[in-house]
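Per-chain residue numbering starts at 1, and chain names A, B, C, D and E are given in the order in which the chains are listed.
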Amino acid sequence: MSKELIMMLTIFVPVAGSAAVPFIGAVSARARNVVSLLLVAASVIGSFIMLPEVLSGKVITVSKTLPLGFNLVFVSDMLAVFMALVSSVIGSIIVYYSWGYIKPYRNQNEYYFMVVLFIGSMMGIVFSANLIMLFIFWEITALTSWRLIGFFREKDYVLKADKSFLVTVFGALMMLLGFVMIYGQAGSFDLAVIKQTFASSPVPNIAVILILLGILSKSATLPLHTWLPDAGVAPSPVTALLHAAVLVKIGVYVYARLFVSTINIADVWYTAVPVIAGASALVSAGAALVDTNLKRIIAYSTVSQIGFIFLGLSIGNETGIAGGLLYILMHGLAKGGLFLCAGIVEQKTHEKDITKLGGLAYTMPLTAVSFMVCSFSVMGIPPFGGFFAKYFVITGAVTAQQFWIASTFVAGAFLTIIYLLRVFALTFLGEPKGRAPKEGSFVMVSSVVALSVLSLAGGVYINYLTGPMQLTVQQMLGLLNPVRGTQTQVMSTNNDKQYVLYASNKIKGIPSRHSGTISNGVK
Amino acid sequence: MNGLLQFFIITPSLLAAAAFLSPKRIKGLREGIALVATGLNLYFALAYFGRDIYATVPWGGGLGLDFSLRLYGFSSFIIASAAAFSFLITLYSSVFMYKKEHPGQFYLYLILSVAMINGAVLADNLVVLLFFWEGLLVTLFGMIFIGHKGAYKTAMKALIIAGITDLCMMLGIALTYYLAGTLTISKIHLPMSFGASVAFIFIMIGAISKAGSMPFHSWIPDAAVDAPLPFMAFLPGSLEKLIGIYFLTRISLDMFQLSAGSWVSTVMMIVGAVTIILAVMMALVQKDFKKLLSYHAISQVGYMILGIGTAVPVGIVGGIFHMLNNAIYKSCLFLTGGAVEHRAGTTDLRKLGGLGKVMPVTFASFIVAALAISGVPPFNGFFSKELVYDGALERHWIFYFAAVAGSFFTAASFLKLGHSAFGGKISEEFKKIKEAPFAMLVPMVVIASACIVFGLYNSFPIDKLIAPVLGEHAQSHVFSGFPHNIMLVAITLVVLAGAVLNHIYGVKKTGKGLGAVDHIHHAPVLSTLYDKSGQADPYDIGMKLTGILAAGLWYIDRGIDWLYNGFSVYSAYAIAFVSKNIRGASYSAFIIWSLIGAAAVLAMMFGKS
Amino acid sequence: MNGLTLDIFLLAMMTAAAVWTVMRGSLLRAVIALALTSIALTAVMFRLKAPIAAVFELSVCAGLITVVFMSTIALTKPLTHKETLDYTKTRMKRFWLLPVIMALLGSALLYFTIPMDFNLAAPLETAKNFRNILWEERQFDLIGQILVILAGIFGVVVLFKERSKDEPQD
Amino acid sequence: MSWTLVVVPIIAVILLNLPFGEGYRKLAFPAGIFLAVLQSALVLLPIENMFPYGACPLSPFVFLSPDALGLLMILSVGIVVFSALLVGWRMTDKTSRKSDFANLIILAMAGMNGVILSGDLFSLYVFLEIVAVSSFILIAMDKNREALEGSFKYIMLSAVATILILSSISVFLMLTGSTSFSAAAAALKQGNHAAVLASGLFIIGLLIKGGIAPFHGWLPDAYTSAPAGVSIFLAGIVTKTTGIYTIIKLVSYVTGYTGPVKEILLFFGAVSALLGAFAALDQKNFKRMLAYSSISQMGYVIMGLGAGNPLGVMGAAFHLFNHAIFKTQLFVNSAAVEQETGTLNMDRLGGLSDKMPVTGATSVVALLSTAGVPPLSGFWSKLLVIVALWVAGYKIYALIAVFAGVVTLAYLLSMQRRVFFGNISASFSNIKEAGVSFTLPAVLLSTITIAAGVFFPYVFEKLIIPVQALLGLL
Amino acid sequence: MTQETAQLLRLYIVFLPLIFVAGFYCVITTRNLIRTLLGLEILTKAVTLMLALAGYLTGRTAMSQALIITLIVIEVVVIAVAAGVVLNIFRHNNSLDARNIRSLKG
């Protein structure tokens, strides 16, 4: 099958298939569960098939021109396939988990319809190379997350779902204005055309602000982040899907796709965005330390970790961006695990307040261990994947000479360790208050253990990840096939060669974070 | 390459997993596997001793991250000593942990820590070092956690302190990478510019916190009570100090040319001196056998840091030698403590007494180790302390005074400990107890004899193992043999005699061994200091500050949240009310509005032209 | 010249009748004043050479609409004489403003319109006769008129029907 | 085509009301449905050749073959009348009242077709009046207190509008000697002051009829007090055809973008978009909220028209069509809610989506399309309007359009929360899904919304691009 | 534009606005519903006059007469329906006062 067909299948099988889910659901629940998992698995398989092709540097494009610059273009490069893999793998684990979780609740058809549509539109965002297609899938995710957060029909839950929908739509509309502004100058919504028009001059700052508003609202960063903790009222596979793995990554992906690999922006943004990310990391870490609701704490921690990812991507040098991408993967896995464990705890104890929980580790050992493993990975403690991601992000910040920002993020990391340990201790250790429940159902526990094992593997087998990661970053920055006149990024693999770190023309804005060659003392 | 990696890291990890998974039914299988693992490790350490192997595996594929290991003189020495200690302690714990819960987990963490330490020492890439260095956090947390049900609080405390300091180290490593451009330790040689010194400070925080010095020490006394005893002998007692001081030396000598005059070395010396004094003062008043030993462990680290901090060859050699000696006698002391606990069931000095008669071997090894730690001449402690005194005096007398005062109090507290635990009348229920089992005695005797050997033939450790570390710094000077500065030796002897006199005075005054130091405890100025020392724990202060910071951030968050739930909702509904009622209700109001609108349209129409 | 004075007189008559309908106290007299205005309008239309329209206007407006008003007044409870008396007193308070505005507006318009010149389209020489215009050009409007009349019938049927007993008393 | 749209309904009404007794009068409903379906079929299916344009046995009528926008409007008239008849027929109780309702709807439909097809100012006025008269009667049919008040207010405002329109026609007649669009356009091109005044008066008249911001007084009362079927008809198509479509027709055939027309349209469009959206936020009655929402959405159309470039007009036309579809559907849902629960007070309603799944689901579709959330049709039309405004340089108005979008989503979400989600109150626990005459139009309309949204590229080429031709006349 | 018609037009420009003002004033200020209809009727008369004037000035009297006739027919129907509505309002609140049809607020 041609690669183009596979790409289209990866996107449109879940999107179109989701429409059929409620009807199958009317027939039989089991069939619906299996079909939804198959639909999501389709995109997993699709991305896997595309992986080797894309890793060799080829870019697959499918485009259909339409009048007035609205043409449909889908492009799959390394960044896209990476993001597709991350979200579809975690998505399928979550769909598998929700077989067990959603069984006792009503309107399950709507739930599965929305989850599959959500993952499908995530694929759409990742592969689309036209701003309007990107915007459409972006809004579909906002729409599906509204329905999913509002899954329990109590009035105040729906109020919170409405609030999150409003904030995200407000951000999205501001972003649309930014897109229209770019459309005004570039004449078309197609990313390739935009890339040419803005190759030399940076994009006007107002457009950047508007688009940033959208990105900040979707990835829940400081000024527009309060909807994420409130969305904790959703069923926990949804919070796992939304907060941890996929929804918040959309904002970050679009930042990477737009501001890192397509248009170059004024230098001020290379310090402004990390500052915002730093503030967001700190504030939400502080809030996580104070809050007592289990899922709200984990949601605040997501907001804080998103700050780290933003730091990585927005800092402007290679290590930072590679760190950001790695962080997306590791955080997705670990945070997904945390939320699913929270789901098991909540389903077993029907209690959300951690001060009233305790001593669960002794009766729910597997969940406790997975929770501990995942929180260690989020804290960035070595044998687990989070360590490398955090290291690269901090190094990126330091090599970009942003010492104060690097230290704020390290302070954020301190708070992360403290609040995650506090949650772990209060829920799983100490004296069990009341009858401590037994272990969760097999389906749920197996998915949680799978996620923790993946986090551990991410840490130990990091070498399989850093290679492709660096290729992705070089492709994003347009360095892969050296553009004439720019020195390619030479990153030696054996350590006695000279180090030349030279930013490509892409990030010429910032004095390359580290351009001096190492003269002294090289033995 | 795979030799290094294979024997020192992968096999121990696999064996650790095997030990954990092996079934409980077969008695002694787990202990056997643990012994095999540490024995193998010891064998390979000795086999590879002194060899100079360098190997790298392209691990990261890019981004400057390649898995490179390097074995050379200094690191092979550290690995050998670590292997020896871990073997002896495994032997000891095979009996001690037999009836305790979670023995499987204990051995898993034990052997994993050995693998991690080997990895950290062998690493030649800063990130790989950090990988194994922080890996120890997990095993540290695990080991304390399985102490008893309430031990998780101390485990949390240890993890938080170690985690935070390791993050500072990560920042330091990132700074070094930024300054040096490479992560390979052997390649990094940075002059002590301002940036480099900041990096040095951050990495130093990591190193000294692993070694357990003052500001980051408060988890060790709690762990002494909560954690299983072999853990105390194993990690805080010996191995952590080994790799902490090893890395401190590597950064001060290889990576950052620590010069004598620089402010960084003064900072290190101050930290060392403060740790010596405060820790030993706290140790003085302890009523529990294990807590007393743990405070001493902290104060001994002060000597090592002070030694290296002097940046003077004699001081550095003294510091490193003291690290080795301390590992020896500290683990021996902990083992004797363990034996006492194993037999008597308690380590509370108030209940203990007169055990010397019933546990002669333990008593004997306790005496040897106590004399060694107090720096009594023939034992190893004396020689390394002398070198440290020599280096300290060379820099400034205040540091020398602190060191000497430290050893005075050390001697006093060990006299008190020995007297109250082993001397005096034996109480009824302890009459029946027998000597510690053979498997526990062997490690004690071996280590005690090592104290003596390293004391008398100290030329082997100093000249063969430690001097080469200094490389070109100290070609001329020979350090081994009897300390050259006679005057220092005299002062030490006077100080020790003072300690004995003080002990006799104290015993006469209170009538029992335990009260030997009460007169110091209740001295006018000191008593107030002691009372306040309870709250002066840096960990508690830190947590209070974080609590306040978190509360502040929480209010910021709630403020932003109010912006959506409160402000925007009310203003929207206010505007809604106005726009709803502006219309009026009767048709004449509508017609008036239409006329107004018409006027506006016509005004626009004709206003233009 | 007398044509112009006649126009002035008729227009003045019509405006006066209009004002009178507005100012009159009692309703009945106001309707009669309205009929008077429509008669004055017919006269003016004759002057403007629109005879058929004038006749149509006279018969429909003066006739039919006055009848409609009379019947609605009859159906609704007419105010007793006393009520109309004090009602007229209060009316004066509210309605004195009208003549004042009209006087002001009239003088202002008089003053401004004098200098204005008008360029109107050239008059069409061939005066088409009324009949073929109505039938050829305005057929679409005729269809419109049929529709309106049909709608009107339904309106009357629906609205004026006396509420039958079984209807729910809203 | 035009012959069938105007004359055939007249014949139908006359035949329906021959005095053959009660049973015969029941035929009005099927006749109405047939006419509506015929009308939509005429636009969609290529059966025009059976009814050629303009050719009519009577005589060469002065008809304008419908332009692209006209076709779009005729289609939406057909669809809305179809659903209004279905719901209205089910909701009115007495058979005699039912047939009056159906006949009046047929008359109004004929009037609207006349408005779309009329080619000259005065016939435009005549058909506007026909639609107005029949909607007065339709509103007042129930003869309860609110209906009469709403109808009277509508009569007064509509009369004022008619007087303004007639005075403008007479001035045009005075200037050009004929009431045709082209003559009026020629006069305006010469920049004659009186012509500008006349066009101003006409636009004001149409703004009143279209219920745009300062002139919108009558609209909420008329929509809310009318019986369910009638309010569907009114909100769905009447105000659009008589008010907004006629403005587009006037701008494209007569005034063009000469003089300050753009500023007027933009200003009043923005005012009504914001005012309508905010007023809808604080409403207790379901239908009154939808009425204000219509004002706001019409503001969008006027802004789109005011942008002045082809994209703007296309956006305005497409939004007009979309609004006809999803607003009718929301009113159909409100009718279903009223039929089942008997009340429209949102504070007493709640949790209906469990008992009335189809109504709940279709209302979600309509809600999302109104708020302009992709992939539904509302998003595309709003996108065209916003892009047009931005490209034409009116950045502030684009910002207002976007902000009004957010407020729209806010009040619609609050409606969905208060009516369909939350937990059901005891008194409504035994209600069941509304009858087929409610669910059929709801499902039909939401499928149209989804189809128009998802298959936008095809809809764009077939229906919307021809509207661009309209601009040729500007 | 003959001098004489210009003179006539100036005359109408003076009188027509007066009738319009009278009509609007009556519609807005009166409290009696039937009297508002009278005001409407006055406005219609004014408009008919304008149409007639337009026809006369441009010599297209036939066209204007056709328009006037259609206008009158439509106006009659409107007034009839309005009267019907007023009648029913009267049946409800038993008075023709405009103040009791201000109930629909917000």
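Just so it is clear, a contact is a pair of C-beta atoms (placed from the backbone, for glycine too) under 8 Å apart; a residue touches a chain by one contact, two chains touch by 3 or more.
What you see is a predicted model; the values in this text were computed from it and never measured.
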item: Neighbouring chains common to chain A and chain E, by label; value: B, D
item: Distance-maximising chain from chain B - centres being C-alpha averages; value: C
item: Nearest-to-centre chain - CA centroid comparison; value: A
item: Distance from chain C to chain A - Cα centre to Cα centre, in angstrom; value: 73
item: Length of the line joining the C-alpha centres of chain B and chain C, rounded to whole Å; value: 104
item: Length of the line joining the C-alpha centres of chain B and chain E, rounded to whole Å; value: 99
item: Rounded Å distance, chain C centre to chain E centre (Cα mean); value: 6
item: Junction residues of chain D - those touching two or more other chains; value: 122, 126, 129, 133, 136-137, 140, 143, 145, 152-153, 156, 160, 174, 177, 220, 282-283, 410
item: Sequence positions of chain C contacting 2 or more other chains; value: 119-121, 123-124, 137-138, 141, 144-145, 148, 151-152, 155, 158-159, 163, 170
item: Sites on chain E at which at least two other chains make contact; value: 23, 27, 29, 36, 53, 55, 57-60, 63-64, 67, 70, 74, 77, 81, 84-86, 88, 92, 101, 103-104, 106
item: Pairs of chains in contact (touch as defined earlier), listed by label; value: A-B, A-D, B-D, B-E, C-D, C-E, D-E
item: In the complex, chain C residues that touch chain D; value: 119-121, 123-124, 136-141, 143-148, 150-152, 154-155, 157-159, 163, 167, 170
item: Chain D residues touching chain C - in the complex, by the definition given at the top; value: 6-7, 10, 13-14, 58-59, 61-63, 94, 97, 100, 103-104, 107, 110-111, 114, 118, 120, 122-123, 126-127, 129-130, 133-134, 136-137, 140-145, 174-177, 192
item: Residues of chain D touching chain B in the complex; value: 152-153, 156-157, 160-161, 164, 191, 193, 196-197, 199-201, 203-204, 207-208, 213-218, 220, 259-260, 263-264, 267-268, 274-275, 278-283, 292, 407, 410
item: Residue ranges of chain E in contact with chain D within the complex; value: 23, 27, 33, 36, 40, 43-44, 46-47, 50-51, 53-55, 57-60, 63-64, 67, 70-71, 74, 77-78, 81-82, 84-86, 88-89, 92-93, 101, 103-104, 106
item: Touch list for chain D against partner chain E, complex; value: 122, 126, 129, 132-133, 136-137, 140, 143, 145-146, 148-153, 155-156, 159-160, 162-163, 166-167, 169-171, 173-174, 177-179, 220-221, 224-225, 282-284, 288
